[in-house]
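Residue numbering begins at 1 within each chain, and the chains themselves are lettered A, B and C in the order written.
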Amino acid sequence: MKDIKAIIESLVFVSDSPLTIDKIREILGEVEREEIREAIYDLMKEYEGRKSGFCLVEVAGGFQFRTRDDLGDWIQKLKGVKPMAFSPAAMETLAVVAYRQPVVKAEIDRIRGVDVSGSLKGLLEKKLARMVGRKDVPGRPMLYGTTKKFLEVFNLKDLSELPTLRELKELEK
Amino acid sequence: MGYEVKLDIFEGPLDLLLYLIKKNEINIYDIPIAFITEQYLGHLEIMKSLNLDLAGEYLLLASTLIHIKSKMLLPVQESEEEDEIDPREELVRQLLEYQTFKETALNLDKRSLLERDVFKGGYSPDEELDQGEKPFVEVSVFELVEAFRKIVSTVEEELLEINAEKMSLADRINEIMERLAEEKDITFTDLLGRGTNRRVVIYTFLAILEMMKLRMIRAYQADSFGVIRIFLAVET
Amino acid sequence: MKDIKAIIESLVFVSDSPLTIDKIREILGEVEREEIREAIYDLMKEYEGRKSGFCLVEVAGGFQFRTRDDLGDWIQKLKGVKPMAFSPAAMETLAVVAYRQPVVKAEIDRIRGVDVSGSLKGLLEKKLARMVGRKDVPGRPMLYGTTKKFLEVFNLKDLSELPTLRELKELEK
């Protein structure tokens, strides 16, 4: 089989977990285990020789690309600036705050049907929501609303640009 | 008849019309409208007899075709020959535009698509949590409104609409809060600003009233005609 | 900085999405953009020359390792899933959004000659299209455009890389 090295290289590259020789054989069909093993060892040597940013290692019964040990600090730096993702809970709480503002926590709890303390706190820390006042009812509970940062993150000029539910429904026909 | 099986693969009335034009080797710039109308209606009949769901758009184009046909039957008035507009012109323009996008769609599909033709690495290092200011992943308002729709799907309809006026008020309240966070106190006239339009003045005024009612801000005046100063009331 | 090529190689390798030069600079600190760009182009050439199983490509404003075009079938075999395919309807709607953005739904309906609600919603859900604002006309309808993910999936550096639309021929009288 021509190109066997490149094929194996691409398979190991896309695999989530260490790729075993058996698995590779299953995919390639009639190729001897020895031929596969040889191709892999060839590749391992190539990567070593190139002083590349990552190398091919034998691990947990299979083969995997891993970044070089001595570059760990740089990778850590990259992972540290990984963008924040929203959990579904945070997104739902934020949606209620955005569409119902100014709104008290009890109302968000009621609409979402759960205690939103945790996700609300997260939104306040991320400066997507904030306290905007107190409602003039007994106990004077805190009112919440969105921030300028919220508009920036969602790419909105102002709150009136928020899509309405009717607009969403129109897409569902 | 080879074409029955093809009926459900048309992407719409324009697609069907283009297919008929190509199949009959017709010059798109000079469509024999009577002939093509007959062909088109014939296809609609087949679609109906097969109980295919005939979208309203197919019928709309049928009536457009019939309309053009009747117009073409009218005798051309010699006196107006200068500016005589071909009744087919608009339709042809639309067909050409659609054809362009249909081709473009095919070309897009020929590219090396991620997760279809090419793949990225499967490397997934352990998730490490790190503190500090981080940018957000690209997130669209669609996800926000979709999240809202999911949770309120059980709530009554009237609760679902957003009210433009209420939102404008919330916007103005947010702006004032933003300024107060930076400047500690602002005078009433500062907030109204100079040369702003009536709408802004009204919403600013309403916002201040609302904020005072909600005890978000406090207003002080040194003497009865003095400057009104506004402060944040909430301990943030 | 010694080893800059290997460091960049490892960073691109571990990044989930195409890595931008700005991001690399943020991590490396005081390195000129030009130096980074040069190192990346060097790497790109190396991979090309090696006929490796994957290569370094410029996409969606950044850089990413991707498997070679002609090895897709093997990888499908490993992944065991059917390749993702777009329906012609989705593809046509996407084409109009991409070339006419920012565009309102009514205009997409008009061009395609059908109601595009369903396919548009599918594109929003797949994050290939997004709401980008409202048009300043009565009713303030929603405007749609493409996303970064669109660039990523369709292998485009940026929108200007979209092949030009075949010009609409002027109608001859």
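In this text, a contact is a pair of C-beta atoms (placed from the backbone, for glycine too) under 8 Å apart; a residue touches a chain by one contact, two chains touch by 3 or more.
Keep in mind it's a predicted model, so treat the numbers as computed, not measured.
Once CA atoms are averaged chain by chain and compared with the all-protein CA average, the nearest chain turns out to be C.
Centroid analysis (C-alpha atoms only) places B farthest from chain A.
Taking each chain's centre as the mean of its C-alpha atoms, chain A lies 28 Å from chain B. Averaging Cα coordinates per chain places chain A and chain C 18 Å apart. Rounded to whole angstrom units, the spacing between the C-alpha centres of chain B and chain C is 21. In chain C, the residues that reach two or more other chains under the touch definition are 13-14, 54, 65, 67-68, 75, 79, 115, 124, 131.
Residue positions of chain B touching 2 or more other chains, listed in rising order: 119-121, 123, 125, 138, 140-142.
Every residue of chain C that touches chain A in the complex is listed here, in rising order: 3, 5-16, 19, 23, 26-28, 51-54, 65, 67-68, 71, 74-75, 77-79, 105, 115, 117-118, 120-121, 124, 131-134, 140, 142. Of all residues in chain A, those touching chain B in their complex are 10, 13-17, 65-66, 75-76, 79-86, 88, 91-92, 94-96, 98-99, 101-102, 111-113, 130-136, 140, 143, 145-148, 153-156, 158-168. Those residues of chain B whose C-beta lies close enough to touch chain C in the complex are 9, 11-15, 29, 55, 57, 61, 86, 89, 92-94, 96-98, 100-109, 111-121, 123, 125, 138, 140-142. Note for the complex: chain B touches chain A at residues 119-125, 128, 130, 132, 134-152, 155, 160-162, 164, 167-168, 170-171, 173-175, 177-178, 211, 213-217, 233-234, 236.
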